[in-house]
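You will see two complexes here that share chain A, one where it goes with chain B and one where it goes with chain C.
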Partner chain A sequence: MEFVQNFPFICIILSLFSGPLSSILDRKKAKWVNITVITAIGAMNVAVLQFVIRTGEAYVYRMGHFSAPWGNEIRVGVLEAVMAVFFCVIMLLSMIGGSLERERELEPSKENLYYIMVNLLLSSLLALIYTNDLFTAYVFVEINTISACGLIMIKQNGRTIVGATRYMIMSLLGSGMLLLGICFLYGITGHLLMSNIQEIVRKIYSVGQYRMPLLVALGLMSVGLAIKSALYPFHGWLPDAYGYSTVSSAAILSSLVSKGYIFLLIKIFSRVIGFDIVRDSRVVNVLFVFGIVGMIMGSVDAIRESNVRRMIAYSSVAQIGYIYMGLGLGTTAGVIASLFHIISHAATKSLLFVAASGLTDASNDSTDFFDLTGAGYRNKLAGVAFTVGSLSMVGIPACAGFISKLLFAQASVEAVHKLLPALIALAVSTVLNAVYFMKTVIRIYTPEKKEVLAAKQFTPAHMSDQKAKSVAMICFIALNLLLGLKSEPIVELLQSGLQMFA
Partner chain B sequence: MNFPNLITNYEEAIAMILFGIGFSNLLLQQNLIKKIIGLNIMDTAMYLFLALKGYIEGRKAPIVVDGVQSVEAYINPIPAGLVLTGIVVSVSVSALMLSLTIRLYRRYHTLNLDEITTRLEKEGL
Partner chain C sequence: MSRKKSEQEYEQTLSFRLRQWLDGTKDPFLDTVEMKPQRPYQETHESALQRKAEKERVIETVFDEEHNAELRIFKKIYRVFSVIFCISLVLVLLTGVSGLPPFGQASNPVNNEVPERYIESGLQETGAVNIVTGMILDYRAFDTLGESHVLFIATCTVLILLRIDKKKGRNSMESLQADDRSHEPKNDVILQTSARFLVPLIVIFGIYVILCGHLGPGGGFSGGAVIGAGLILYLNAFGFARTERFFTAKTYKWMSFGALACYALAKSYSFYTGANEIHSVIPLGTPGAILSSGLILLLNICVGIVVAGTMYTFYVMFRKGGY
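Now for the complex of A and B:
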């Protein structure tokens, strides 16, 4: 066994323990510890990715050296490593991009608590990605929820506390259903390790036993995770939670937390139950319908919104709809499109949140749509970044969003009965996306009269304050263009990863 | 409908009914404290269900006494372990929910989530 194989475990433990460490440091040091830890974890995951690409097969890491039916396992393949690397990159950039806001909006004594939450969140995300044990996954889902709730409510105002409460309530309903589903599966199969469960499930499925309990368990787990990842119509908590929390929280929540749950759902589909059984059970059709409704209704809600942050939040509802639509197609190509969209949406949405905060910096922190008139001139880089993000969301070629839409369209061709609704929903949703994003882009590049600017006391953003944010935005733009222009190797990685995933 | 099965597995049926009660309370109640009570009923119902899954008629708890080491003498210990883990999780989320409730009560002097929402809109935040 090579030393690299220990890295996934070391990553989880490292970020779990760096949390308590930041609680005793002062905020400057805690910040640096946090950034170092995320960078180190990212580097380790790159090493793991290289290792699994070189060996060409997934490996199982036994926790505590107990073998299969008894012990707890970590299972690492290409797909897991790619996801872990992307999550680390996006989390690092979101943390850098929001550092100014954190200093300004959080109480100084609370700032190092923020880093505890971020470290816990990262460790739970990594555990969700790597674990091969269903109950461990449940425990880390709860850790994820708790730390995400902390990230929302650490900026104290009425909205964020209510948002955090609503988030907790919906999440607890979701995790209740997830746990019940896991209990059912355990009752049927007698195993908790994912690969063992699949063995038994295939056996009992082929003889036709326990069809109903299996369906109920699958349905409970799907609906539970769908609630937790804010699939329409379970998105009530989302605009408040994303719209009023501090920038790095909003970016991390929208691009990583919900994606972690979706990744777990994909894992349950392909590794725990088996994707063909899931397809036969028609649970995917339900997800497909809700995904399509979400794609359209999320965009409609976003058009009606006059607060820019909330508008971007509603756009997340639509994008989650895309991901579930891809899953709902029930083909491998659909799953790959969903996985690519997880990555591209994460890169784009965090870019949009950071860029929007750059624009509001130049508008006296007002998030009102009309106050942003001409903000693209007052903070030039943020204007460019917001434009790139918007173009990517709409799906203009050369941006990340275009590739994911292309993949969705190609995947829907394979699923004959779902071809027409999927394509219509893609088209309608793209037009609606264009309506609200282009409206905002035009608004931020409409020059504002000098008198109005003087009356509202809007001044150009000081570039000396914006260094960290500028670095983050440039990296995000580069990441977006990279995903848009050089998508082939990434799609190939996802394809080979999905093959060794099940 | 397999009615006789329902009679033999009446414990599981009760666990599911309790789960439903807790779930609907958590979802539908307006009072935050009642929501938290619903959450706890839901979680406890799940532990009942898990514990039932591990119980085997006529066997003892898996603690080795008098040197009896045969597997046949004990019940399945894994669900008990899961229940313990689950209790830890549910304690921490209850504590978090209660602390959020305290925050909201101090700010708005009410426990009704709808009323808090309407007041938020009046504040215009």
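Now for the complex of A and C:
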């Protein structure tokens, strides 16, 4: 065994260890530990990615002295490594981009608690990505839920507490359903290890045994994870949680936490149950319908919203709808489109949150739509970043969002019965996206009247005042353009990763 | 007077003493106690006004049903839908359960090679007489590692929500309202006397449960909970002034860090050696001896420390927002 193969395990342990470590450090040191740990984990995952690409096959890493069904194990393939690298990059940039806000909005003595949350969140995301055991996944889903809740409410005002409470209730309902689903599955297969479950599921499916419990288990797990990742009718917690929490929390929550659950769902579909059985069970059709409704309704809600942060939050509902629509197509191409959209949406949405915070900084901290008039001139880089993010969300060529929409459209061609609704939803949703994002872009580039400017005394933000945020925004823009212009190798990686994933 | 006995005569009787004992006016150590009713809660004028304003705001602006048609419709639909949702969830679960294999049959799918090996060779492979401990702390130690961090992060979330920090000032409104130290020490003799007997017993029992987790029923989670309960009883009997001598925020931080770091390091060693097929130097010992079963004893102690700290911290945070 090569030393590189230990890296996924070291990553998980390192981020777990850095959580308690941050609790004894003061906030400055905790911040450095956090940044270092995320960077180190990102670098290690790059090495792992290179290794798996070179060997061309996934490998199993045994956690301890006992092999698979008795002990725990993690499984590493191209797809997992790609996801881990992207999650680290986006988390790092979100943390850098929101550092000023954290200093301003959090109680200084509680800032190191924030880093504990982020470190443990990272470890849970990594474990969700790499684990090959359903129960381990559940344990780390718990860590994920609690730390996300902490990230929301650490900026303490009424709205975040309400948002966190809602998030907690909905998310625990989702966790409960996931756990029940796992119990059902364990009851009929007798295994918790993903590959073993699939073996038994195929056996009992072919003889027609336990059809009902299998369907119920599949339904419970899908609905549970859909609730946790804010699929349309379950999105009530989302606007408050994303709209009022501190910037890095909003960016991390929207781009990573919900995506971790979707990744787990994809894993359950393809590795635990088997994608063909899922397709036969028609659960995907339900997800497809809710995804399409979400695409439209999320955008409609966003158009009606006058608070920019909440508008971006509602746009997440629409984008989650896209991902579930792709899954609901029930084809490999659909899953690849969804996976690409997980990445491209993560890169874009965190860019938008950071850029929006730059714009509100230059508008006396008001998040109201009309107060942002001319903010693009007061904070030039944030204006550019917001424009790039918006273009990417709408799906203009050369941006990340375009590629994912293209992939969705291509994927829907393969699914004959779903072609028409998928294409119509894509078109309508794109137009609606354009309505609210372009409206905002035009608003931030509309010069404000002189008398208003004089009355409000805005402080224009310069790059030198917010170096960290500028660096983060530039990196995010580059990432977006990279995903938009050089998408082919990434799509190929996802394709080869998905092949060795199941 | 229609009394059969005089006052002095009545005070000599057993029934009078029983009455006194029940009322708590007579104490064997303190002699006759004058019972004072507790001071009723008195609200200051400002806080009363604030409370009223908040209530009105909630009723008039947040839940303004007259002008907010969306809310009105939502409230109506909400009731219907929640009932429908619950009923359908119950139905789905019942249909699912009815299709499951019957409980306790030997031919069930869960009775496969996995529990077989746990039961048959668990003792030789882990050295733990208690198979459950062997399973959670050796076979599936990675899950338990995550689980102990769940406890840790839960405490951190409670700290975020409830800890009152010195920066705001000990005398700020919030901290004064939350701080109930002014009622201390309570010097409740019954509580203190029984605590003096019980707390050492409870803590020793908790330590026993932790240390013998690999030999019999018990382990870190249950033993830690017992110790935490003992600490909470001690705190209630003797007040914060006494507990602060040995348990402060700093103690908790270092305790949980030490325990979790120890767990992570010990387990990383065994994960690493296990995955790379390196021989682990940790001996399993003779099953049944206290120093046996490899790392399990150490891990149990770590988990126990984390759980005890978590229990105590939860209580302290919910009571007054600080150690």
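Of note:
FYI, the second predicted complex is superposed on the first by the 501 of 502 C-alpha atoms of A that agree within 3 Å, B and C clash if a C-alpha of one lies under 4 Å from a C-alpha of the other, contacts with A are read in each partner's own complex, and residues count from 1 in each chain.
Rule of thumb we're sticking to: a contact is a pair of C-beta atoms (placed from the backbone, for glycine too) under 8 Å apart; a residue touches a chain by one contact, two chains touch by 3 or more.
Since the structure is predicted, the reported quantities are computational estimates derived from the model, not experimental observations.
Contacts of A:186 after superposition on the shared chain: both chain B and chain C are touched.
Shared-chain residue A:159: touches chain B; no touch with chain C. Considering which of chain B and chain C touches more of chain A, the answer is C. Using the contact criterion defined above for the overlaid structures, shared-chain residue A:169 touches chain B, although it does not reach chain C. In the superposed model, A:142 makes contact with both chain B and chain C. Counting contacts as defined above, chain A residues 135, 139, 142, 146, 149, 153, 180, 186-187 meet chain B in one complex and chain C in the other.
Contacts from chain C toward chain A in the complex involve residues 92-93, 95-101, 108-114, 117-118, 125, 138-143, 145-147, 149-150, 152-154, 156-157, 159-161, 163, 165-168, 253-254, 256-257, 260-261, 264-265, 267-268, 270-277, 280. Note for the complex: chain A touches chain B at residues 135, 139, 142, 145-146, 149, 153, 157-159, 161-162, 164-166, 168-169, 172-173, 176, 179-180, 183, 186-187, 192, 244. Interface residues of chain B, counted against chain A in their complex, comprise 19, 22-23, 26-27, 32, 35, 39, 42-43, 46, 49-50, 53, 78-79, 82, 85-86, 89, 92-93, 96-97, 100-101, 103-104, 107-108, 113, 116-117, 119-120, 123, 125. Against chain C, the residues of chain A that register as touching in their complex are 1, 5-6, 9-10, 13, 16-17, 19-21, 23-24, 61-66, 69-72, 107-110, 113, 116-117, 120, 123-124, 127, 133, 135-136, 139-140, 142-143, 146-147, 149-150, 153-154, 156, 180, 184, 186-191, 200, 210-213, 215-217, 219-220.
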